[in-house]
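The following pair of complexes shares a single chain, chain A, combined with chain B in the former and chain C in the latter.
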Partner chain A sequence: MVAPTAEALQTRSVRFRIKRQDRPGRPWRWESFDVPVEPGANVISCLQWIAANPRTIDGRDSNPVAYDAGCLEEVCGACTMLINGQVRQSCSCLIDQYAPRDGDVMRLEPMSKFPVVRDLMVDRQRLFHALTRTKAWVPIDGTYHLGPGPQDTPQSQQVRYKLSECMSCGCCLEACPQYKLEEHESRWDKAFIGAHAISQARLFNEHGTGNVLASDRLETMIGPGGVSDCGNAQNCVKVCPKDIPLTESIAAIGRAVTIHSIRKFFTGK
Partner chain B sequence: MNTQRRVIMVGGGLAGLAGTIRIAEAGLPVDLFSMVPVKRSHSVCAQGGINAANDIARQQGYSEYEHFDETIYGGDFLQHQPPVYEMVHWAPKIIDLLDRMGVPFNRTAESQRDLRLFGGSLYKRTHFAGATTGQQLLYALDEQVRRWEAQGKVNKYEYWEFLWPVIETDDAGRRCVGIVAQDVRTMQIRAFRAEAVVIATGGCGMIFGKSTNSVMCTGAAASRCYQAGAWYANGEFIQVHPTAIPGADKLRLMSESARGEGGRVWVPRTKADRRDPRDIPENERFYFLEEKYPKYGNIVPRDIATREIFDICVNQGLGVGGGNMVYLDLTHLGREYLELKLGGIIEIYRKFAGEDPALVPMKIFPGVHYSMGGLWTQYTAKDDLRGMAMGSANSMMTNIPGLYAFGEVNYQYHGANRLGANALLSCIFDGLFCGAGVANYVLEEVTTTSARLDQSIYDAAVSQQQEIVDRLINGRGMESPYQIGRELGEEMTAASTVVKSEQRLRQAIEALHQLQGRYQTIGLSDTGMWTNQNLSYARALGDMLKLAEVILQGGIDRKESRGAHYRTDFPDRDDANFLKTTVAKYDPDTGRPEISLEQVETGLVPPRARTYGKVAASTDTSRPTETVSV
Partner chain C sequence: MASTIAGFLDRHYFLLRRLHSLTGVLPIGVYLFPHLATNSSIVWGKLLNESKLPAGQLESLGIAAHAGVETFQHEVNFIHSLPGLVLIEIGLLWLPIAYHGLLGIYFAGTGRSNVDRYRYQDNWRYTLQRITGYIGVLFIFIHITSLRFGWTYWGLMPAFDPHAAASSTAQHFQQSTLGTTFIAAFYLVCVLALVYHFANGLWTAAITWGLTVSVHAQRRWGYVCGAVGLMLAGATVASVIGFSRLDIDAARQIEQVMRNGPAGAARHVEPGGSAVLSASPDGRDR
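Entry: the complex of A and B
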């Protein structure tokens, strides 16, 4: 709605060095683009500019860079990538903060823990599969009206709300030394499930009705790729864009798993 | 081939997911198509909350009926009343259901669900989860759908784009029997059979270039249905949200809850006052909404707040620093309160504008936000008009049997202006209430299942789409789709948002025709057939250009002002001629819409003047009282 002002039209230029791959199985390459940057520009607005002007710095005609994007306000998690080696959402990456001077370089790469579909776009299906493994849901009876849910204190709500802000972006997995790229779906149930899913197990175990499935979730967390695969590097919590207390969740599930195992040992269930 | 009766859901936002759950619950398998993983749908962007009558408000004199009346009054009487009546009565039950699903609604000290004030109401009736309510609601439904998926009742087709409805015609007439869709990664195009198809693809903000919408909200799916013969209603009603943060790539929403929780909108009384806002004393600030609307203050409905802000900046030149910007001030509320009630949006402002709203007033301006108009749909009213008939097969069915539209993509519930926190409600209501109707249609009304139809119907539909794609790929023109898209957005924003006139709209149609002409000679910089986003965008652009014409033509034909549609040349509401729905039908010969008017069902609440108690403000001398209509 806002007409560009004179100062907005005064632009500088930032060099984007982008890791590109045409499709799975093809070799990757670097391509560089010089992008005029308006005040307030972010990585997405620069990728949009490149899409409209796909000419590399050596004057070669290229094509638009493929990338995932959605809300552009850091609530959907789609546009996650590596920017200057750090995993984050590209929409909230403001150029003025990351590359303040004329001619600064921004390096964009796809996340390394998921298979590349094309350029900066990766396939994060394994991440959603982990939510199924965790039974990350409340097993309601159905959608007919049955009155309100369980009572919840404001303190408990604040804990659950924070955990529930996880947008499945994958930052915690990219930063995790224990989480490795798995090209084949057959490995997903064996490989480390990741901090996000452990935190979701905690979220649903905290809920009055979700708790009904608590032992199923803990069984998953005891199994291969479960909570014991965490190497305690604590990188996950540092890169989480929503400041979710992932290490607290890992500790809480770790304790719950221990109690669950002891109980199982004595009671057999 | 699967011979079981099944339903295709296109779109995985609140409406699509709620519908999927209800239809799966009725025992039918659902194939769920979405351009993005459904957890990343645009519903995540909704912030403020979801409205429903509640026990506290009831004790103050509020009820479902007041919610109903507010919605109709807020919508300037343009919506059919029976569906709204039904929706508001479902609202408290929907809140309970979401609560059972585990949505972390904010709680009071006594563990009750907390409530906040929202636009167009004098009662606290908005339930919320921080300031990311849409995200929390979407996640709850996403989790339930994942549960159905784990049981094999729902198949997700994520990263698949809906290209066209498959419509079959026999002696009994035409009906929708499936879709053609494209995998946006492999670019494979194929047909899918179903007994019913539900379109739940949301709004069309991208037609306006920058908006508060997500990048996939192009309106292309709705446009494709319209071009395939589905009617499109009230296209001219586009909500411009009063408070957005301008950005280089989009306009980020600053929730109405900021005002509902006590945020105040103001500008310096002196033009181009260069002082730091914190140094401007109280008596030199112009709280224009509070002065003009002493009853509602900062929580007047969106269309009114938007026009007032626009007027202050554009007509009176009182915008911050002389520009298009006003202050939205939360600094008096205290950091703790802000973090608890508005954390998510405070964070967005901090991240994108680089300033802390707890310390400095935010700078905001209106931005395109929501489409009240959409695909024309039917319903069956109860005999006394108080609600819709439960389970009726035509609930939110378009004019094409078997093709439904749920959520923002249809034109129901919100009339000429949507009230804040009613969108989440209408989307979930559509899914739950009308999903039952879809199941009944599929189980009881469909006599020949899609499995028994000739393969040639589907093959022909696929070839048609393949031809469109081939034409784009093989085009050797010089026009850039991104350039055309940009010009479309600028023209639509300039001509068809806050203030419109016949002359300006006609000029925009001229410009649109030129863009449509240039579109015929576009060339793609990427002609490969793997994850070609250039192609997907170009394809959607063609459909956006068609839908833009519906929006402009509706605006020309509606010679009155009502809700979000404000015409300088017809500043008053004209019930005698325009208490009507504009219905656009696509003419395949000309490629243009034919627009007709249709009666609105207003049998429960007779139209009255919509003033929101406006009075003259102290420095308001220049301006007609446009918001006092009738």
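Entry: the complex of A and C
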């Protein structure tokens, strides 16, 4: 790609086509805004400009576009949305790369696998519910001091460090053809749990102290909505902003549940 | 009723899923090897060059010895000589295929392809696996009912006769009311779809069971599955071409000789001189 000159970047206006919805369950609509873009601008700074100047291209007064954002450095995952149809974090999405010329259009939509709260803001509660189902934590609470944890090798730390970079943004779920919108909480325990939770099960099962809950996690992975629901489309690993080896985690949990189920058949309940 | 089925699925979810994966490889997938090897023997059988027919007998009939027909008939005779063939068919083929097919349709319905947004090669692979699965269920039903149970589908698919294996299979291909090209294309598309379904299923099964964990291992296993798929695809193309172009009359005479011994063909021709060459109305030659 030829980098546009600084002059060309400075004076341009980019059109934002935004999918808007006033509140849950209401019909959605497209609204477009022309935004004067400064070099280095990202989607969030443009949404801030729209919030200050909420006038559509028809000259109609609108209201600020609602969106979620937190860290603004791609580590919290809150600002995940569809940009030109592809899921990613909007804070790290530089306009110079997506819309280098005057009059270029950028399309913003909320993620489709989570219920819309308003405009670009979605409710990712199901994603965190999946982490609860997975028991994605190290159990250290107790009535007495547990002492130091077990020693770990640098090699094992390397594997887990990569997995620990997951920020629960939801990109892997949005791109997954097996993960579908489930509005009602009653369905969450049986619908597909998703790549992020499977990878977290691997992270904590490989942790020296976290693995005391390993069989609980594998029981979740064996059940409806567990690792068996993966269809191996492998979109998750391609859209993951942290390059987490999600497909390797899925295969590793596949191996773990194979062994777990055989062991259970011969020795367990 | 629906809730009972759902409850059963929930309780035995993992077992049912893994059985679905297992049956796809064993016995269904592995069965493709002998099946397509036998079918393609119509082309490569003559390479064995071990015609057991007396050469003079065939020459007097004006037929070049065609060991492809002989090999195919020999293989079919072997299969039909297996003790308890129906039990083998039910236990190792029909039930596993029905199970894999029905659960496959159910599982495929739990996903929604998004290749329009995410055009990755693997995403196409995923989508094709589901499409070829649907094609496979439909094709295998037509295939078994026509060639095993003799449904002719109003003349669209002439029936198979195990005593005249090659010639009746060639009739199945060539004497359809829709013409040879249609049946050949139908078989080519459907069987290649199934070969793809098996090769890709073999690749994903290794992930499902946890055999190939690392990306490198998955890639290496991918080469193996690709080679298996190409081999089976080659056998598929050979079979379809072989039966689409087989000389039905010549094949039938060779089968007559195989059935009745060296003097068989001549003896059979006697009554009107045309008994060998003309097929009875249902496509069977008695």
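Note that in this section the second predicted complex is superposed on the first by the 251 of 269 C-alpha atoms of A that agree within 3 Å, B and C clash if a C-alpha of one lies under 4 Å from a C-alpha of the other, contacts with A are read in each partner's own complex, and residues count from 1 in each chain.
Definition applied: a contact is a pair of C-beta atoms (placed from the backbone, for glycine too) under 8 Å apart; a residue touches a chain by one contact, two chains touch by 3 or more.
None of these values were measured; they are calculated from a predicted model.
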Next on the checklist: With both complexes overlaid on chain A, does A:M167 touch chain B (first), chain C (second), both or neither?
Outcome noted: first
Checklist entry - Given the touch rule stated above, what does A:K238 touch, chain B (first), chain C (second), both, or neither? => result second
Checklist entry - Is the number of chain A residues in contact higher for chain B or for chain C? => result B
Next on the checklist: For A:Q86, using the defined touch cut-off, is the partner it touches chain B, chain C, both, or neither? Pick first, second, both or neither.
Outcome noted: second
Checklist entry - Does the superposition put A:T258 against chain B (first), chain C (second), both, or neither? => result second
Checklist entry - If you stack the two complexes on chain A, which partner ends up touching A:V212: first (chain B), second (chain C), both, or neither? => result neither
Next on the checklist: Considering only the contact definition stated at the top, list the common interface residues of chain A for chain B and chain C.
Outcome noted: none
Next on the checklist: Applying the document's contact rule, which stretches of chain A touch chain C when the two form their complex?
Outcome noted: 85-86, 175, 177-178, 180, 190, 192, 222-224, 226, 228-235, 238-239, 245, 247-248, 250-259, 261
Checklist entry - Which bits of chain C are touching chain A when the two form their complex? => result 9-10, 13-14, 17-18, 110-114, 117-118, 120, 122-123, 125-127, 129, 204, 207-215, 218
Checklist entry - Once bound in the complex, which stretches of chain B touch chain A? => result 21-22, 25, 36-37, 39-42, 44-45, 93, 95-97, 99-102, 104-109, 111, 113, 129-130, 132, 135-136, 139-140, 143-144, 146-147, 149-150, 185, 210, 214-216, 240, 244, 246-253, 323-325, 344, 348, 351-352, 354, 365-368, 432, 480, 482-483, 486, 493, 497, 525-526, 528, 530-531, 533-534, 537
Item to check | chain A - residues contacting chain B, complex | outcome: 1-3, 5, 22-23, 38-42, 44-45, 48, 51-52, 54, 61-64, 66-78, 91-92, 94, 97, 117-119, 121, 124, 128, 131-132, 135-140, 142-143, 145-149, 151-154, 157, 160-161, 164-165, 167-168, 204, 207, 209-210
